[in-house]
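Okay, so chain A shows up in both of these, paired with chain B first and chain C after.
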Partner chain A sequence: MNPIFSLENLNVRFATKEGEVAAVSDLSFSLQRGECLGIVGESGSGKSQTFLATMGLLAANGSTTGRALFQGQDLLKLDRDALNKIRGDRLAMIFQDSGTSLTPHMKVGDQLMEVLTTHKGLSVEAARKRILEVMESIRIPEVDKRLSQYPHEFSGGMRQRVMIAMALLCEPDLLIADEPTTALDVTVQAQILQLFKALKHHTNSAIVLITHDLGVVAGLCDRVIVMYGGRVVEEGAVADIFARPKHPYTKGLLNCMPRLDQDLDTELQAIPGQPPNLQKLPPGCAFADRCAVVTDRCKTERPVLRDYAPGERAACHALEAA
Partner chain B sequence: MLSYALKRLGIAAPTLFIVVSLSFFLMHMAPGGPFDADANLEPQVIENLKAAYDLDKPLVEQYIIYVGKVFEGDFGPSIIYQDRSVSQLIATGLPVSLRVGLSAIFIAALIGITLGITAALNQNKTTDYAVMAAAMTGIAVPSFVLAPLMTLIFGVILQMLPIATLEPSGSFARNFPALAPMTPYILPVIALAIPQIAVISRLTRGAMIEVLRQNYIRTARAKGLAEKRVVWRHALQAGLLPVVSYLGPAIAGIVTGAVVVESIFQLPGMGRFFIQGAINRDYPLVLGIVIIFASAIIIMNLLVDLLYGLLDPKVKLDA
Partner chain C sequence: MSTVLKVENLKVHFPIKTGGVLKRRMVPLKAVDGVSFEVNAGECLGVVGESGCGKSTLGRAVLQLIKPTSGRVLWLGEDLCGLSPEHMRQKRRDLQLVFQDPLASLNPRLTVAEIIREPLYAAEPDLGRDEADRRIDEMMAAVGLLPEMRNRYPHEFSGGQCQRIAIARAMVLKPKLIICDEPVSALDVSIQAQVINLLRKLQRDYGLSLIFISHDLSVVRHLCQRVMVLYLGHMMELATRDDLFAKPLHPYTQALISAVPIPDPAKERDKEIIVLSGDLPSPMNPPSGCVFRTRCPKATTKCIKDVPMPEDAGNIHTVACHHWR
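Then we have the complex of A and B:
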């Protein structure tokens, strides 16, 4: 089956006064229709920039190489007008901070409406009908009243629902959610995750979930990509990664999670050290400085991503030796 | 919103009263008097003149008389412009200043906002640098340099436009007879507008750059909206807020007398009366113009706040 979306050797670079920043390096993966892929990593691992690049939303000093194929088109080669026909319609993105991601001086209804009038050419009544339908499905109460309100009159959870509704209006083939629950209360997080679960079952869209929360991944995703220093360090099915993490970084991430079946006295394991400086990435493995099983080879030679089982990839010298 | 406006106007009355009182005493504290220039008059004549304008009475009494008259809407007689009341002078000067000032600010806002948006959308590119360099020049060159220079070039050398008169003349008026009545105002309006264009374009650029960095602009772009809609519908309203707050007092200042420009172009507007009044210690004239100026500021600030309420839904104008 042809993947609906695939990245081929994506590189994202930012030109800064202090030199070039390598935000994403040689990133390749593909995604099937109906699949839910989790992208996990710390801040600065390149997970958000990967998809901002795909959406054509990089900051002005950013540049890309490689290909981002979506339904046969290379998104990185499209000009703004061509991209505008796709994004918001077949390709939609949900951003993390709903408090600042909605235009404060526009009524929420108008912000939803313009998606449909732009992409589907719907009349105001038809668009309104579709909006009501979507808002109902993601359980936003009192829709009529809500549509004529401004974003600041919404709670954080409600705003995030609006963001989700906005992305769903045109029934996208690929939905990218960038930390959709990060800024929310735990109870609201649970509600939003429920929503995504329902969404996954009811649509045939491919979903990419960007998060640093492995718990979210476990509950929702089919497959996970773990990113570190702008590269993939491990990829695999969710069950495999949780049961048999390969890369030391993935193991570290899993150890960081507090567990209910552990003694309360057990100390929470943190990964020592800091995420790498993307301006001065080492010639070897970016994780070498923080790795427990580091060897001399790791500091000079970058490990390549190898297949260890169908669908399971990892980049670590220690694995090759074993 | 109406009750808010009424409340604000209610506060305006005491504000005006304080402004009038302060100005009254400050004016009288300045050394000299209205008849100092007429040195060769008999002392008795000067005494009589002073009595005619109540200037022989104690200052506090003068103040009470003046405030009482102002409450009745009477700004008193002008001292230097004999046989004319201050109200009459304002009635002749204000329309001139209004016409020149409003035209200048309208043109400045139109051009300044357009330039500012263009620069912001091309941040750190050639267009941006060109616009900002021009704006810096506009701010740096004072109007008392610009205005005489324009007079020299367009009035004296090219003979295109009339100078120091309200009578149309020059080649422009002959070539475009339909526009002839406007010609005396063209140079003053341009001289007033240029520094304002510079300020407004810089303000707009800064605010727009700030807004274009916001997350909600990223959301709007992610929705696949045309860039035009992103700028006009999602960015502009927030980007114009600083410009609106600047324009309020700027309009008040420019229409109540662009002192320098009116003096250079010899326009009989409020600015010139203000200068003449101040130099000759024409107390009622200066105070009358101060009241008009203060009122204009108060009204413009109120308008700015009301406009803010429209532009930013988070602003609640509660009475």
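Then we have the complex of A and C:
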């Protein structure tokens, strides 16, 4: 089956006064229709920049190389007008901070309306019908009243629902959600995650979920990519990664999280040290300084991503030796 | 075990202006509304709840950084409410605070050593420079900062390192109680674990009491011996950690615990999640009776009429709900 979306050797660089920042390096993966892919990593791992780059939303000092194929079209080669036809229509994105992602001086109903009149050329009547339908499906109460309110009159959870509604209006083929629940309280997060689960069942859209929360990935995703220092360090099916993590960083992440199902009074196994400086990435493995199984080779030679089973990749010298 | 802090029926109400020019009136926002608890020596008490539940206000009111509207805060038997500023200042030696945003809570113009020295100057102005330096070095070592970092500025450090500096500043006077307000929420998971382990070590080594304010139940479960659950300024449940997580009695606690994602695909997909409907009501217009009733799956007419009082459920487990039995 042809993937709906694939990245080929994506590189994202930022020019700064202090030198070049390598935000994303040599990133490749593909995504099938109906699949939910989790992208996991800490701040600075490049997980957000990857998709901002493919959506053409990089900061002015950013530059991109490689290919981002969406339904056979290279998004990185499209000009602004061509991109605008796809963005918000077949390709939608939900951002972490719903407070700054909605236009503050426009009624929520009008913002939703705009999506449909622009992309689908619907009449106001038809657009309104579709909006009510979508708002209904994600259970926003008192829709009529809500549509004539401004974003500041909504709570954080409600605004995030509006963002999701907006993304769903045109039934996108690919939905990218960047930390959609990070700013929310756990009980509201549970509501939104339930929504995503329903979405997965009812549509055939591919979903990319960018998050730092492995718990969220465990509940929702089919496949996971773990990023560190702008590169993929491990990729695999959710069941495999959580049960048998290969890369020392993935293992470290799973061991350092306090979790509700673990034995009490065990000391958390913190990963020592700090995340790497993206301006001065080492020649070898970016994780070498913090790794428990580091060797001399790790400091000089960068490990390449190797296949260990169908759909299972990891980049670590220690794995090759074993 | 000896009690160091006893908080009785603490209320913090903020007056808020509402209405237009003609209908202007003051409405109290009840951020904390009648909360009572104790902290024992060497104990870590967790305070959990969602945004707007009053957990940060509670922490500040205990330290008198916000004047409580009523109630008592007994520190070693002495009521802190109503102490003169000078008197309170002496008490602050024993009572310290660590904030959520590590970079914003450090003065950008001071070096690490100067930041940690500030409380020493304030509390012991006569302290010699050598002795001050010795204590600063000791504290930096205790929180895992290297000696060569003394003369660097906060912006040169990462979030986790800044939090270590903030903890060193809080610890340098050897306080008896530290209130930590979401100290690890702004940090990445791998760094979070470092700071949690540090707090555990300091608590053990120095016999510290901690009030650990957090929205993250997994972290609280890991660090605290007892846990208090707040909702809209009211205490819902207070129990030992083992009791609270093994058999939560309050519907809100049950929902909170069920909502925490578990990083294990099989468990996470099988588990029963109690999804609460709606959002937190406005604290300016809280529901009558039980404040949680608008989102509670067990709510009845009794909950609309009567405010549930904290009841003893045995084994120092307190719960405020009409239907816990």
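By our rule, the second predicted complex is superposed on the first by the 319 of 322 C-alpha atoms of A that agree within 3 Å, B and C clash if a C-alpha of one lies under 4 Å from a C-alpha of the other, contacts with A are read in each partner's own complex, and residues count from 1 in each chain.
Please note the rule applied: contacts are C-beta pairs under 8 Å (C-beta built on N, C-alpha and C of every residue); 3 or more make two chains touch, one makes a residue touch a chain.
Quantities reported herein were computed from a predicted structural model and do not represent experimental measurements.
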item	value
First, second, both or neither for A:171, with chain B first and chain C second	neither
Touching partner for A:312 - first (chain B), second (chain C), both, neither	neither
First, second, both or neither for A:43, with chain B first and chain C second	second
Touched partner set for A:83, first chain B, second chain C, both or neither	first
Partner chain(s) touched by A:185 [first = chain B, second = chain C, both, neither]	second
Which superposed partner A:289 touches (first chain B, second chain C, both, neither)	neither
Which superposed partner A:102 touches (first chain B, second chain C, both, neither)	first
Dominant contact partner of chain A by residue count, chain C or chain B	C
Partner chain A, residues of chain C touching it in the complex	50-51, 158, 160-161, 188-194, 196-197, 200, 215-219, 221-223, 241-242, 245, 255-269, 273, 275-280, 295
Of chain A, residues touching chain B in the complex	55-57, 60, 80-81, 83-89, 92-93, 95, 97, 100-106, 114-115, 118-119, 150, 152, 163, 166
Residue numbers on chain B that touch chain A, as the complex places them	123-124, 214-216, 218-227, 229, 233-234, 237-238, 311-314
Chain C contact footprint on chain A (complex, rising order)	42-43, 141, 155, 157-158, 185-191, 193-194, 212-219, 238-239, 242, 252-254, 256-261, 264, 267-272, 274-275, 290
